[in-house]
Amino acid sequence: MNGGVSGPLFSFSNVTGGYGATTVVRSAGGEVSPGEACCILGRNGVGKTTLMRLLTGHLPLQSGSVRFDGQSLDGLPPDRRHALGLIYCPQERPVFDNLSVRENLTLMAPAIDEGRYAPFFAAFPILESRMTQSAGTLSGGERKILSFVRGVAEAGRLLLLDEPSEGVQQENVERMAGFLHEAKAAGRALLIVEQNLAFALDIADRVIVMDHGEVVLAGAAADMTEETLAAHMHV
Amino acid sequence: MASFLGHSAALVAALALLPQLVGEFWAYTLALYFLYAIASLGIGLCWGQAGFLPLGQAMFFGLAAYLSGLSLIHFKDSWLLLLLLPAAALAPGLLAYGIGLLVFRGRTLSGPFFAMITLALTLLAFQIANSWNDVTGGFNGLKNIPGLPGLSDFTDLYYVSAVALGVCLIGIAWLRRAPAGVLWRAVSQNEQRVRFCGFAVQNVKAAVFGLSGVLAGIGGALYAPQQNLVTPQLCGFLLSADLVIWAAVGGRATLYGPAVGAVLIGILTADLRDEISYWEVILAAIFIVVVLYFRQGLMGFVEPPVERLWRRRAKRTLDGPARPAASGDTGFALDGVRVRMGSVRILEGLDLAIDRHGIYCLIGPNGAGKTSCFNAMTGELPVRSGQIRIFGHARTGTAADLLSRIGVGRKFQAPSLFPDLTVAENFNIGLWGGRARLRDLVRMRSHGWSSAILREAQSRFPFLAEEDRRAGDLSHGQRQILELVMVLIAEPRLLLLDEPSAGLSQTETQEVIEAIRWVGGRLNACTVIVEHDMTFVRELADRIFVLHQGRLLASGTVAEIQADERVRAVYVGASA
Amino acid sequence: MDPILTINILNVVYEVSTLAVVVLGLAVVFGLLGVMNLAHGEFVMIGAYCAFFIQAQNLPFLAAIPLALLVCGFLGLVVERLLVRPLYARPFDTLLATWGLSMLLREAVEAVYGRGFRSVATPLTGSVDVLGADYPSYRLLLTVVSIALVAGLVWWFVRSATGRRIRAVVNNRELAGSVGIPVTALARNTFVFGCCLAALAGVMLAPLLPVNPTLGLDFILKSFFVLVVGGLGSLVGLISGAGVIGGVESVVSAFLDRTYGYTTVLIIAILFLWLRPNGLFPRT
């Protein structure tokens, strides 16, 4: 680690952007330090996924800055960000549908490394039993698990997960939470978009609430009551 | 009008004087390239105006040339030529119109496919011309075609070509400025919006293609008597390609561009091909540079200021014809509607019925099927099973343009309008849809239509009165409102609004809320809104419908929905 | 078996397999970059002229292969940088630009070598006996090499790490960047590879073709038709498309004449474009 002991590993400020001329996210800011999880909450349509895509380089910033490990990420394409240690699991189309489960896991690694995936296969045996099947035949929740495993097993220092629990069965959501606690304990930083409030509060140290493309509430998770947060997410 | 006549007079004078200035040889050469120029103008209409590229225009040129050549050979000096020669020019137009109807039917994206079909057709035409020896003379073509009766020297031939080109240019100039031209440019920018304004886009495009066929036909019909020789190359790939290059380099979107390109490059080529061995290479490089960097072509640098002089906007002085009176019931009903995309289930037996006026909100998490519900209702998504009734009639899979004409209006999530047209032109497309008859589309006075709703909207939103602004220059919020008003001036009885407040500021949201309330009452319509913004929903909704996983999860008043535990589970997750 | 029938069957196989080599390059580029490279045929043509050039220098025929790969690889690199990449996400303009490029290459070769047909001598003369039929050795060799090439490439595409990554980008470009695939570089390499494959086909086919500047036009049209008929979805589609187009053309040509063969292919292509634009095996 060369990011300094106390400073945040990843920070973004004044991030504004959207699709074409349309601005979806306005002046969003936040940060995560190693060993810490930050959850982004909010109703659907408030710009959470757009913010993730702005942070991971899939959409250009209209203004603002994104810094990782003291370095500006401005203009870096997604694959270069990945090389620096930003691991991103998107919300939609989270896996390569026409590749097998095995190919999804070994795309950037020479072979299935038993040591690397063993704990995941133990927790999610469905993956191991579907190794040769194409990922497109998995259910929505199974695809999210595959994407989650691919991301968490990588060595990057920052994990960006966009709604990892969407469509996943409750028992598997709990297993995911377990892996995320381990990742935090190992000093990795997590930035997670979630809809499942219980899951989010289980892992979050920090919370960012968005509405209308803006950050409307931010702070330590311990300072927020579940009722306050639910009010922002429920109808 | 005066400027239009003055402009036309200047054009005629220039064409008439040219032979005196350049001499007989050049007049003769010019005459040939004038005919190509006419065909190239057709590409300008298709590609520069309506936005689809024909790569096989030579087949129409060649067809007309063969027809005209055969007529002249077999009916030399007969009065029948008075019928046959115009028929030779019109036949390719009919063919093109027919091809257009077939190819554009039921196809939303026709871009490269259309281009490649026309390319394949022109190759086929070449094969036929080349091998049908009995009729076309095969490889050697039709030889010794007599000239037009009564015309002898080169200058006469020049005047025939010049008159034809002049007439075509004047006609096109008229159509470009008429509502038809606005409609074409609208099609090139946003076919979906044109359909949802009530126009059958495939017919509009087929008509433009037909017109381009007539233009190529005029050129071809005059080519035969002028050159006295028609060979299969006239239907071929190379002439087709040249016509496209001329239109591109001259400026496909401008009035004169395609003609200037044809004459200028044609003559330069005739002159330089033998002197500069790399001339064709240079030409291809110029074409690439135009495609990459100067899409407006040569005349793009010259014409816009000239066109702006003419384009004085008509004052909105008369109300357009009233919309056809409403008939049938209020509202709609979806009955067990299923929609799938590949293996993904989008709607899983959706039941949803609304049978009275009012404002209804459709909410639900991502992927619940809200927008898909609208898409199924407006024929944008194929319905696997189930039934959709609108105003009491079965409308499963009915095309959007017909729905618009019977009173269904839809606003899309991202503003869907015509960014390169002015605000006035955007309104006009909305006004003409469902109201304008064919003859209204070629009359300048249709530009001056107005409607009570439009006037009210303009007094509510003052920026809408600045009608000369380019729609694409408006802010996001203003574009949302412009699209909303475009939909409203068609006076729909069923209004589908997909996230009308997306990307709006708080003040703009408030304005939109008021506008929807106003119009709902004004039109006595049934308004259905997909929305995430809960302030919006709470303020407007008479009733809320919650969708989840392609089904209706719950419905009720705002308070009922807020108290519903199932809805809470969907939104906040299974809370411990 | 009847020798005439044998020869006809071999001709169909020859036609289909050589066509498949040309289409494969076009299809991989289209899948990965979304670019229909209308100048693909001109790379075949340049490959054929490389063979002509090498023979004119009295060098061994095989020396044409490295030359063609060098020339077309370099051209592909330049074209990708100057034409394809700036127009990314403007597919229609890319179509026009590559079409302009095809004219440029055609006219450039014409300016150097003229319009006339050039002939390239067959490096392998004589014929072999196949089930009682006399078949030209070079044609047979070419058929075998083409089948081996297509099979090898398909195998590589399915099994190699790079092939996997190409399929990943085709499937989900956004995710591909996120998992660390350098999408831009991969797209460039794939484009260059497609050009080289066309060039290789050009060298191999040169002895059997009337080498002239418009040779590419035939290939691009036929290749495009193959993709239209087969669909852009899969290798199965590609091979069946090549089977339909190449097969119909050679069969009809054998029974009637080449004009009818060509006309039939055009009609089939038009019908597919019109009625079944996604082909036999559409991309899901």
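To keep things simple, chains are lettered A, B and C as they appear, and every chain counts its residues starting from 1.
Convention: a residue touches a chain if its C-beta (ideal position, glycine included) is under 8 Å from a C-beta of that chain, and two chains touch if they have at least 3 such contacts.
As the structure is a prediction and not an experimental result, all values here were calculated from the model.
The chain with its Cα centre farthest from the Cα centre of chain C is A.
Here the two chains linked by the largest count of contacting C-beta pairs are B-C.
Note on chain placement: the centre of chain B and the centre of chain C lie 35 Å apart, centres being C-alpha means. Separating the CA-averaged centres of chain A and chain B is a span of 43 Å. Residue ranges on chain B touching chain C, taken from their complex, read 53, 102-103, 107, 111-113, 115-117, 119-121, 123-124, 127-128, 130-131, 237, 241, 248, 277-278, 280-281, 283-285, 287-288, 291-292, 295, 342.
The touching residues of chain C, when paired with chain B in their complex, are 36, 83, 86-87, 91-93, 95-97, 99-101, 103-104, 107-108, 110-111, 217, 221, 224-225, 228, 259, 262-263, 266-267, 269-270, 273-274, 277, 284. Contact residues of chain A toward chain C in the complex are 56-58, 77-79, 82-83, 88-90, 93-99, 103, 107-108, 110, 150. By the touch criterion stated above, chain A contacts chain B in their complex at residues 18-19, 21-24, 43-46, 91, 136, 165, 170, 194-199, 212-213, 226, 230, 233-235.
Across the interface of their complex, chain A is touched by residues 161, 164-165, 167-168, 170-172, 174-184 of chain C.
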